[in-house]
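Shared chain: subunit A. Partners: subunit B in the first complex, subunit C in the second.
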Partner chain A sequence: MYLTEVKTSDIIGKQFRYKFKSYIGVFSSLVIIQLLGLLFSLSGSRFSSSSAVGYQVDVQYYTVDIVMIFTIFWGFMSAMLLTTKAYREDDFAFITNRFSSNLSTIAFLAVISLIGSLTAVLSGFLLKVVVYLVESEPLLSLNRGGIASTYSLEILGAFVVVFLFATLGYAAGMIIQLHRLFIVVLPAIFLGGSVWVATFDVPIDLFHFYFQEANFLLFLLKMVGTAGVLCAVAMLIANRLEVKR
Partner chain B sequence: MDVIKCEDVTKTYRRRKALDQVSFSIGENKLVGLVGRNGAGKTTLMKVLAGMLRESSGRVEVFSRRPFNDLTVSANSIFIDDEMNFPPTMTLVELLQEGRRFYQNWDHELAMKLFEYFNLPSKARHQDLSKGMQSTFNMIIGLCARCPLTIFDEPTTGMDSVVRQDFYRALLKDYLAHPRTILVSTHYLNEMEEILEEVVLLDKGQLVLQMPIDELNEFTIRLSGKKDVLERWIQGKEVLLTKETGHDDQSVILKNSFSAEERQEMKRSGVHVSSVSASDACIYATSPKGGVDHVFDRSEDK
Partner chain C sequence: MVAFLPILIILIIVAALTTTFMVSSGKIKKSLVPAKAGGWMLIAYSSLLIVAIVVSLFIPGETISTESVDEQDLEQTVEDMHEAVFNAELDDVDPDLILQEWSFDYEKDAVGLDLLSANPDQFSIMVLIEKTNELDDDLKAFYIHSPMYMDGIPIDVETTPEVSILDEEVRVVTPEEQQIRYNVYDHGLSLEPFKEGNDSPFHSSFSMAVLYLQVPEDLEITADISDYEIVR
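Here is the complex of A and B:
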């Protein structure tokens, strides 16, 4: 009997393309959520005022921080959505095993995280244009000289954060697939953990550990490393999941 | 070489056993029917073979490999059922093109021809189709993938009888042109009898029998005649069904273990001997004793 031999990498590539067509919905939600973020950003994200005798200076800051936060949330939710039965089992209509299916989904998550962060960072320009058109007060630009490399670094930084949260969503989603009860248990652990840290002054400061890292390379390493661990957890669980259909 | 080999395969859902120590094997290039009542474990067995479910115990081998999580098995087998999950964002034609990209032996020309023949709307999405059309589309994917192991679970769900007949023809023609192992579960064994070569019968998670369809046609026999005459013949035999047909007339169905001479003698003693079709044989071999009549029988002596 003649059996077709397939290469895992080949199948992963095919699944990756297939996923771009079948999960196209994540991009429309990205557009909607980022436009919404921009709308909120129009009111300015920070306001400072100083005054002395005879004059007062009001400074209104415009940033796309909200767009960034929305994008991170979008990454988390989209990844979680992909772990649900309907999406997870799409692969099983064609050639797949759990390993290739997961790797192609993770590759897909990486690419959409990159696209999401790219548009999030670039939406800053759009915001400036809109503010310029609607605001009558004088505008000062705080941009860092507009050097392409600064923007690339910004995009890279945004990308690893969005991707980290996407893998977090993916791992959490898989845990929930393992048993329904985790829908309640996971948030409970998360909230309980934060309360515990806060009330007993436990010296664990995740926020500090991840987001206040001064060394950019080290920051990247922490982000990517954690994302890798989360992917591994998700794959270990997914390897046991059956296709109920 | 056996394409499928199962040894004591058991699959447990929580506490319920869906498959209970099933052992059988299926050789290369056979068109096999998997039959059994509702809940007999047909779907579970097929999903285990397709690598979708993991067996609880026992050994499953497809192409001498364990199917769960095996990419080679997945590339060389396809599982078609009426709950196929296709992405709602893609049209039917796009899905066929995906099939072409994934499966090496895919016959796209045949796919498009069948697609046109069955009048499927090319711009439609899978979830918008009627049940019968979904089944038709799934069937096209299953046929055109040309996998060495093709598994159809209730492929005719929702199809009208014309489409069903067309499907049987298409299946047979494509099987003859490109021999491969095809496993079909069906509730319409009488319709498929002509094209199947072998039948595997499951009941309550256990294997009841596996035999060529010709043998199955001879497997059981129906005797009818006077009760006291029949008595002599059926004594000590395994009677599958007894039906009162008159005041003291009776019709019984039992395993055919009679020699030609015995049958001759029976006929001389006034017993009417008739054959039982394969599909009826499967029904009698797995139906509860007495049939549904028994449930409605309120007489004292039941």
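Here is the complex of A and C:
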């Protein structure tokens, strides 16, 4: 019996607020990386060309694909950095355990992934304005129809992808914290696995499984489900890490 | 492996940028910019994006839709045109597809073809000759072009070849190649669910250019047989 009953949800909430204030520096890199992505996007993301009698038609596409790729990588790197000892031990300012610490970090990752996705998708408008100002040819806008014309769904789609990679970075970071050797072993497994799949034509096409899924709901399920598994893996590993001395 | 090098370099730059602003070294967290700057940068960037959203509403320019081009309709139009010209039924060709007509007085007994192009190996206009008893001492030429689309963008075909009579030959000079460039802003993410109903945005429609010659029934064609085709 204590005078003050502490709820886990309150602790997680406090830790989340603390982390959001303390790690707000992640947004400096987000902004710079997205602006860098926009700069690269100015030369066009895709190009197609066709010719007919008397005509050579070139179509230059401007998309936020590069910004998205950079944002995904930013999510991965930021999450990985959060697993380093200095960040993990920040939580001990509170009455905490591994569970609440991990949950608050995952909530933080979810929020920064959402902010990153939102700005990545909306950065397309900035790209459109800049292309209009710097290019002499008229700018056409492509309407693909279907769900692609709904920004909220696009943001949701971008969010699950960024969050998936953030959790992947978080899990990878935790594995590296187990032993420094994994800094070498993990990339080796990844690169070796990629070469193995490519060389021996192994029917394990993860890219196809995740990114060629045409059904939006299934796509969301695969992303969120895998992110959940990665979070669980990260939490299990975190429990095996040494306690604060 | 060399092909991946630029990507690797870019990813290293992104990684370096991420870590530069959020560095952890042992128990000390270091950052090149004060932590609060991150919040202000995000607010400034978000404000810039909001301004861009508003400004983009006033950018003039067409909106093209990948759904607006019915590929089946397009194929049917080309097929109808193909059928009409090869069956010597010029009246059945959609008048909008006949871009130019020529008429020449011609009293000689034979005619040849002089097909000229900027690229001599690539004369890409199909020459079809219809022998008709409706003509006597004259020749008619028609330049017919199917509709052309590139990634759903309609291309206005306006250039036509030069057609003239020189001695005993019909001289056809293909138009100088025009470079047309379109800039297209595509806000759709390159993720499969967002490509619904549009397997590949990269496609151009098959286009067909025909120079249709109507000549008198008894006129002898002296041109190389590979340069033309007689239609009935």
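The working rule: the second predicted complex is superposed on the first by the 231 of 245 C-alpha atoms of A that agree within 3 Å, B and C clash if a C-alpha of one lies under 4 Å from a C-alpha of the other, contacts with A are read in each partner's own complex, and residues count from 1 in each chain.
The definition used in the following text is that a contact is a pair of C-beta atoms (placed from the backbone, for glycine too) under 8 Å apart; a residue touches a chain by one contact, two chains touch by 3 or more.
Predicted model only: the values in this text are computed from it and were never measured.
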{"item": "Which superposed partner A:N239 touches (first subunit B, second subunit C, both, neither)", "value": "first"}
{"item": "More subunit A residues in contact - subunit B or subunit C", "value": "C"}
{"item": "Contacts of A:A214 with subunit B and subunit C, given as first, second, both or neither", "value": "second"}
{"item": "Which of subunit B and subunit C A:E137 touches, first, second, both or neither", "value": "second"}
{"item": "First (subunit B), second (subunit C), both or neither touched by A:Y62", "value": "second"}
{"item": "Subunit B versus subunit C as contact partner of A:S22, first or second or both or neither", "value": "both"}
{"item": "First, second, both or neither for A:K14, with subunit B first and subunit C second", "value": "first"}
{"item": "Partner chain(s) touched by A:L36 [first = subunit B, second = subunit C, both, neither]", "value": "second"}
{"item": "Contacts of A:F99 with subunit B and subunit C, given as first, second, both or neither", "value": "first"}
{"item": "Common interface positions of subunit A, toward subunit B and toward subunit C", "value": "22-25, 86, 89"}
{"item": "Complex contact set, residues of subunit B against subunit A", "value": "1, 3, 28, 47, 51-54, 63, 69-72, 74-76, 79, 81, 83-87, 89-90, 94-95, 98-99, 101-105, 141, 148"}
{"item": "Interfacial residue positions of subunit A with respect to subunit B in the complex", "value": "1-6, 8, 11, 14, 17-18, 21-25, 86, 89-90, 92-100, 239-240, 242-243, 245"}
{"item": "Subunit A to subunit C touching residues, read off their complex", "value": "22-36, 40, 46, 48, 50-65, 68, 70, 73-74, 77-78, 81, 84-87, 89, 115, 119, 121-129, 131-132, 135, 137-149, 151, 154, 157-158, 161, 211-216, 219"}
{"item": "Touching residues (chain side subunit C, partner subunit A) in the complex", "value": "10-11, 13-15, 17-29, 31, 33, 35-39, 41-42, 44-46, 48-49, 52-53, 55-56, 59-67, 124-125, 145, 148, 150-153, 155, 157, 159-161, 174-198, 201-202, 204, 207, 209"}
